[in-house]
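Quick one: this structure, given as structure tokens, is what I'll be asking you about.
Per-chain numbering from 1; labels A, B, C and D assigned in written order.
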Amino acid sequence: MTDTVAHLKLTLAGAQRILAAAQARAQAMGVPQNIVVTDDGGHMLAMARMDGAKPLSVMSAFAKAKTAASARAPTGGAAADVELKLALAQDLHYTNLRGGLPIIVDGKCIGAIGVGSGTGDQDVEVAKAGLAALAGASIP
Amino acid sequence: MTDTVAHLKLTLAGAQRILAAAQARAQAMGVPQNIVVTDDGGHMLAMARMDGAKPLSVMSAFAKAKTAASARAPTGGAAADVELKLALAQDLHYTNLRGGLPIIVDGKCIGAIGVGSGTGDQDVEVAKAGLAALAGASIP
Amino acid sequence: MTDTVAHLKLTLAGAQRILAAAQARAQAMGVPQNIVVTDDGGHMLAMARMDGAKPLSVMSAFAKAKTAASARAPTGGAAADVELKLALAQDLHYTNLRGGLPIIVDGKCIGAIGVGSGTGDQDVEVAKAGLAALAGASIP
Amino acid sequence: MTDTVAHLKLTLAGAQRILAAAQARAQAMGVPQNIVVTDDGGHMLAMARMDGAKPLSVMSAFAKAKTAASARAPTGGAAADVELKLALAQDLHYTNLRGGLPIIVDGKCIGAIGVGSGTGDQDVEVAKAGLAALAGASIP
């Protein structure tokens, strides 16, 4: 075991590229969205609330990103009998709402994107469009 | 895209007119209610707890108003499989209980009314009576 | 007393213009910053954490914006004997740290910018550079 | 010792009378205020945010009322070395900011009024004007 391993870090430039692509897709869909990009610790790097998106959904979009960053997996996959218990036990930082995707490059999770204000399908579509703008990012 | 757009702001006089009409309807119905009027950011403008209304329901009436203001739509329309997740992910500001209505004038959401302490039907009836007192407000 | 009054609403385009100008100034100063733009209800519209900015300072930058939006005045002006009481009584949404400025156009407060990760002077300079990018915005 | 004692209960009509008088005084002073009236348990009965009052100060006005109702005494009298400890130990419901007064009739505390958005002196003046509207209420 080594004491440290090589990692990658998402820059603000990368986060803003993801954000802009997600925003453009939501614009094209005609669905105003809240879009949040975090680092791998779940700390916010960039966000935008589009005109007409629900203000309270900024919080759920953020929770989706934090959850996807933590799990290094898309949100929405937890079983119905544990998802609320997880949300409570993780002090409401966790959510199983769909619309959170990890940002994975070269097998390393370097952050996440969370999208909220549309339907689950719309949120996921916008999040995927964000990931697609980052060279090398895996699309789940 | 412009940097600012024309909007409307609900005054305290307007909020108190809505509150008084809602209170009068609840009085006529013989159902004591908690009535909360917020601005479009979900911040409280005016409220009344009628004699006999449940004190804890002030909180749910407030959450109904915040939710309706954020979504610019009546509360109660979320699907059963997401409503609790939304409440937790939005830090308990959100509720899908019926009784919250947005205040929409000229197509602009300028606030919301939330009513709680009766049944869902009673709460909605009182909220609508509040909206009806404001010239130009849409009744959902 | 009228029930509604004319108001203005800051769009995402306007918020992103402010954000970009503030980010450019911080870049030119060589001081990585957290920059948060909110609407007049203190709800987040746009944010960026520059590479090297302190992650925890996102929270203080946000609190600065919420405080400036609520008071329609720059943060930092409260007396020493009340500032902590205000922070606690307003559930930590309030801060008297310098670096929060209201966005005032035509005499109407339509939002706020909060900047944090530098010194107070640096934070204020970046916030002012943000405001200067919005046509008609008052610079305090 | 008897198991129960005679008490008085503030009605919504009484709370609204206090609120209206406080609002009228603030109007006459030209100082927009947040005004909150609670029962003796610190639960909100009536409130108003006047046009131009700071939205975040609704929370501190509420905390002032809760504190005055609990202590059956005006806020602001705690020593500087304990006031923040009390706020923290009482989970931010307590504040030592000036502007909270108990509503005492016939020696019985039946509620409180909290006012916030002006200076301490202005807040207290408005709170006193509210109390003066209730027959038999003690003015501290």
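Note that a contact is a pair of C-beta atoms (placed from the backbone, for glycine too) under 8 Å apart; a residue touches a chain by one contact, two chains touch by 3 or more.
Since the model is a prediction, treat every value here as computed from it, not as a measurement.
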Touching both chain C and chain D we find B
Common contacts of chain B and chain C?
-> A, D
For the copies chain A and chain B, the interface residues, called same if over half of the numbers are used by both and different if under half, are different
Quick one: chain A and chain D, Cα centre-to-centre, how many Å?
-> 44
So how far apart, in whole Å, are chain A and chain B when each is placed at the average of its C-alpha atoms?
-> 31
Return the distance between the CA-based centres of chain A and chain C, expressed in whole Å.
-> 25
Which chain D residues reach two or more other chains?
-> 51, 55
What kind of graph do the touching chains make: line, ring, star, complete, other?
-> other
Every touching pair of chains is listed here as A-B, A-C, B-C, B-D, C-D
As the complex stands, chain A meets chain C at residues 11-12, 16, 39, 41, 43-51, 55, 58
Within the complex, which stretch of chain D touches chain C?
-> 51, 54-57, 59-60, 63-64, 80, 83-84, 87-88, 92, 95-97, 120
State the interface residues of chain C toward chain D in the complex, per the touch definition above.
-> 5, 41-42, 66-67, 70-72, 81-82, 84-86, 88-91, 93-94
Interfacial residue positions of chain C with respect to chain B in the complex | 1-11, 13-14, 17, 39-43, 105, 110, 134-135
